[in-house]
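Report on one structure; see the data block that follows.
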Amino acid sequence: GYYGQYGGVFLPEILQATVNELLECFRQCKSDPTFWAEFVELMQNYSGRPTPITHMANLSAHLGGAQIYVKREDLNHTGSHKINNVIGQGLLCKRLGKSRVIAETGAGQHGFATATMAAKFGLDCTIYMGAVDVARQRPNVFWMENMGAQVVAVQDGQKTLKDAINEAMRDWVTNMADTHYVLGTACGPHPFPEMVSWFQSIVGQEARAQMLEQTGRLPDRIYACVGGGSNAMGIFQGFFDDDVELIGCEAGGHGAGSSLHAARLAYNDASVGIAQGFKTYFLQNDQGNMNETHSIAAGLDYIGINPILAYLWEQDKVRFLAATDDEVREALKLTMRTEGLIPALETTHAFAKAIEEAPSMGKDEIILINQSGRADKDIFTVAEALDDNKWKEFIKTKAAQYQQERQ
Amino acid sequence: GYYGQYGGVFLPEILQATVNELLECFRQCKSDPTFWAEFVELMQNYSGRPTPITHMANLSAHLGGAQIYVKREDLNHTGSHKINNVIGQGLLCKRLGKSRVIAETGAGQHGFATATMAAKFGLDCTIYMGAVDVARQRPNVFWMENMGAQVVAVQDGQKTLKDAINEAMRDWVTNMADTHYVLGTACGPHPFPEMVSWFQSIVGQEARAQMLEQTGRLPDRIYACVGGGSNAMGIFQGFFDDDVELIGCEAGGHGAGSSLHAARLAYNDASVGIAQGFKTYFLQNDQGNMNETHSIAAGLDYIGINPILAYLWEQDKVRFLAATDDEVREALKLTMRTEGLIPALETTHAFAKAIEEAPSMGKDEIILINQSGRADKDIFTVAEALDDNKWKEFIKTKAAQYQQERQ
Amino acid sequence: MGLQSYIEQRKADKSLLVMAHVVCGYPSFEANMAELEIMAEAGVDLVELQFPFSEPSADGPLFVRANEMSLQNGTTVNDCFEFMAAVTARFPFKVLMMGYYNTVFKLGEEQFLRRLKAAGGVGYILPDLPIEEAGSLHALSAELGLEPIILMTPTNSDERLAQLAAAARGFVYVVARKGVTGSKTQMGDDVAALVARCRAHTDLPLGVGFGISDRSDMEYLRGHADMAIVGTAALRAWEQGGAEQLRQFFSDLVAA
Amino acid sequence: MGLQSYIEQRKADKSLLVMAHVVCGYPSFEANMAELEIMAEAGVDLVELQFPFSEPSADGPLFVRANEMSLQNGTTVNDCFEFMAAVTARFPFKVLMMGYYNTVFKLGEEQFLRRLKAAGGVGYILPDLPIEEAGSLHALSAELGLEPIILMTPTNSDERLAQLAAAARGFVYVVARKGVTGSKTQMGDDVAALVARCRAHTDLPLGVGFGISDRSDMEYLRGHADMAIVGTAALRAWEQGGAEQLRQFFSDLVAA
């Protein structure tokens, strides 16, 4: 379970048997071609895979450099790549014979996907979500609850994603007998980083074949946003053996040196540590306690990073950049206007960096961006990010209407 | 341009040349196989077609009757079947050499799709939307504006869909030289009912082949909701030559006899008339003035119906039912919980009637529902329909937060 | 005496006739009657009585609102015919029904025409009824001696103008520009050229409408057209200043 | 004298030893010292000093909050070692460091162990450090005469218990049930069976922890285990009634 010095299993002894059982089951699934076939078929029939690749002709022309293509994970059922992992783990949960799933969620995308999978697979479902996130992400909570999941607001720590993970761990150490922990990103103890990456590798497999079919060649560069790292690992894996530059785009927040960011590798603020079950680069202080992080995109606002990515970065196999909140706002506006796409704020970090670099590339060069999700169901987040006054007036009017209804 | 006695062109003389030009262009496109091929390719690469068919194993088992399958138009880019028509008309607009599009929208789905297409095709775009709808559908307005469209709030009449259509017509009679009117549903003057149906026929073509591939046979019944009729025409067209029962599901609102509904054919309140450019069944009074209509689903809340469907109904080739608002609420809850799908409230009318009839069918029989759209970006509509108190509290908190920011 | 003859007769004394417009029941039938008094005093030659419709898609904002308010007041088709009967009995000008085809269709074409005739109307203007859809209505109209007024527009080809001319009776309504009623039209070579094109296809009198709003428009049309059609500008005068301003409006307009 | 010998020696006089727990810096180091005074008075045999960590994922709500508040107070690793030195100088009981591995890793394993030894600690409990990851730390500890406390749990197989036993030093921390610290455990056959299974794999003393909260738990454990490990229940007593209630708590607990 190590990639260079990163990875491992750092969990309470009580979970040792559970993690071994999971690891064994994962190995069996991985070596059983019928498992992958079942997974692919379910993704096709339930989630609409393969997702297409769209040529951004307008954006490319506007920038005057490389031709930009986008892998459309936003078109998945539930609106992001999260469903790939979740359906995969759902199938695995069935093999484990467990009847209940738990998951953490930050922005709510992974919780939304997990609740969906649980409804589809007939599993009990509890979602842990920081109380701060519950308060600001009510739309996703609403859908999760309507799909039958119990959403628990976590009151510890920063009351955000990392605290939700801790709380999910506490549930797991209590209920591991009937409960599978559907970790949302490619982090945490082995085999999660590898397992989540494996389920997400469907993105890269498709993308490689599609690029060859649509453009007759491979892209020169691939940009993917990196929170935990699952969507980036998903698409990068399709191109590890190729001469393709891979670029991970982290949350630059208010910029380098501001401390209000979540860039583990692009900036110099992170160091190697052990938390949440694994060893990787964390944004932590000299005492080994985790820092508060910040991003305009809740889904990137995480202290750690996938250990495989950390190892690839160390070997110069993946280049890391960070996009600031401001760059993300501008990239989102440009993408909506020129292409009619609404990338999630997370995804927009990848767009921002591709937009920055495309003009200096040749017109015959090709960029591929992984559009990990769509933002159209996260209107509060986007409207607030863009500081839209008409939206705020609308909410005030709605509130007054609801107030009146009650009287 | 007639189907039985329904259809025709009832427009001001000033549009005669424009409509003829459109008709001629449509004929050329229809007889040019490269046009359809270009359309299909664009739908694949931009919108993720073909959309899959999903077996509702849990829902079918729960109901204990027919096996239910769902055609997943909700997985399209922009979240509904509307994109099929809009992309088709965008290609046609290019052939017409026009640089501007206008459209009406009720719930906002069609406006959202049109604004998206306009961004993608580099066209100027104005969307007409009743002022009442603008006020209650701000999320869609927000996205349209961000994609560069101008959204005009129409202050006439009921300030809803039909008034938006009138206003779009007024724009068209002024600006037809450079402007194409992207009518949203399969209504209005010839060739719109036929043209919109043609673009939507991609749904039925795919569905027929997919059902044969997945189940080895054709479905016994197909349910589709009917507002103007575009999604129903879309899927039904794939099965006109087959022994498949087709069921159109209208908006029953508060029920038969309540006058608060939008059921033109399922109830007895509509009569034949001429409005908005064509002849069909309209919900109108004995003076020939249109009635106010009501539905929980803004997209079904329309006075008229596709003339081809009216003709098919007259010939007993399509059966019409209406689902009441209450039935829709229950069907939505059941579908979310058992399958992890969130059908749009419009679509849910079809689910409601399929759910009603499935138990009395044999387990070896097959139902296909056209899921025309997803509701996850229409959270206000759904949360209000389900009268969710936590949602209302969230909005009040948000309003207070926005209020405070301003100070 | 047919409409065409009536117009030609009036033209013997006047270089440019005037057709005015009233939306039945807006703001009220009483107000309509007061407006028509003023129009009659000003020597208006022809009047359109618009039957309100819920979807007036060829009208501009002022008339849209007038249609809507009239329906809210409860105006029925029956009310409109009764009012028309009172108007034709009282005033010397000729009266046309103006409205949308659904009003006709719903009543039944024959019933509509019989009631129109009984109310003293001489014809009708239905802007959403193209000639292709008007076969039976026009045939019945010919039997009953009622005249369908046909619109010719700047977007019509010569071929189309010829078709329209063949269907036209009484006079031709020349639509001065694209768009709906009520916006200002810049009178100039475009209008003159359009009138000339229409003239080439018909011997019927030509009335020019859409955006005629003041004396300078009238002066421009004199010599080009037979009749000026005034709608929105008059309603605006009434809404802004009641009877007095409407009287002033027409007195300015028709001053030679 | 090693920890194992210390425990065996104490066991000569007492049928069941007690290990208590303090979160360093919560609510303050002064309060910690007052708590430890009470524990010493009550004859507590061993104390875990928890070094606060930002992600205490193996802890229950009370300790989670204590970790959080302590860090908010600004507690550093250095503070904790200094406090430990003061404690070991003052009290007769032996002291263990308890915490999460990142605290150790960040300081450096060798540096951590040297400081622990310098502060008078005899070993450590790191619940998120499995034996597979503990090779170098355990080796260094052996060199320095510090003892890693190993946890045995109800989900471990016999094979695993044997592996754990091989790594264990001083005593074995038997986790009485699944879950995190702080919830009540029902003492009964399950606990007895678990202790028996652990006993079969090791000759080290067995301490039982997780949910030990009152005298009846103590009575149950007597004869089964060598030591009761009390954490949350003591902190709860302190939070609810300060020194007085904590004193009462221990006096009830250890009353023979």
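As written, the chains take the letters A, B, C and D, and residue 1 is the first residue of each chain.
Following the convention adopted for this analysis, a residue touches a chain if its C-beta (ideal position, glycine included) is under 8 Å from a C-beta of that chain, and two chains touch if they have at least 3 such contacts.
It should be emphasised that the depicted structure is a prediction, and the values quoted were computed from it without experimental measurement.
Engineer: Chains still linked by touching once chain B is gone?
Structural biologist: Ignoring chain B, components are A, D | C.
Engineer: I'd like the Å distance between the centres of chain C and chain D, where a centre is the mean of that chain's Cα atoms.
Structural biologist: That gives a centre separation of 98 Å.
Engineer: I'd like the Å distance between the centres of chain A and chain B, where a centre is the mean of that chain's Cα atoms.
Structural biologist: Once rounded, the distance between the two centres reads 32 Å.
Engineer: Between chain A and chain C, what distance separates the C-alpha centroids? Give it in angstrom.
Structural biologist: From the centre of chain A to the centre of chain C is 65 Å.
Engineer: With centres defined as the mean C-alpha position, give me the chain A-chain D separation in Å.
Structural biologist: Between these chains, centre-to-centre, one finds 38 Å.
Engineer: Residue numbers in chain A touching 2 or more other chains?
Structural biologist: none
Engineer: Please set out, as single numbers or ranges, the residues of chain D touching at least two other chains.
Structural biologist: Where chain D is concerned, no single residue meets two or more other chains.
Engineer: Looking only at which chains touch which, which shape fits best: line, ring, star, complete or other?
Structural biologist: Shape of the chain contacts: a line, open at both ends.
Engineer: Can you work out from the touch definition every pair of chains that touches here?
Structural biologist: A-B, A-D, B-C
Engineer: Can you list the residues on chain C that touch chain B in the complex?
Structural biologist: For chain C paired with chain B, touching residues are 52-58, 60-61, 64-65, 68, 71, 76-77, 100-103, 105-107, 127-130, 132-133, 150-157, 160, 164, 175, 178-180.
Engineer: Okay, in this complex, where on chain B does chain C touch?
Structural biologist: These residues of chain B touch chain C: 8-18, 156-157, 162, 165-166, 169-170, 173-177, 271, 273-277, 284, 286-290.
Engineer: Which chain B residues qualify as touching chain A in the complex?
Structural biologist: That would be residues 44-48, 51-55, 58, 72, 75-79, 115-120, 122, 135, 138-139, 141-143, 146-148, 214, 333, 336-342, 376-377, 379-380, 383, 386, 388, 390-392, 394-400, 402-403, 405-406 of chain B.
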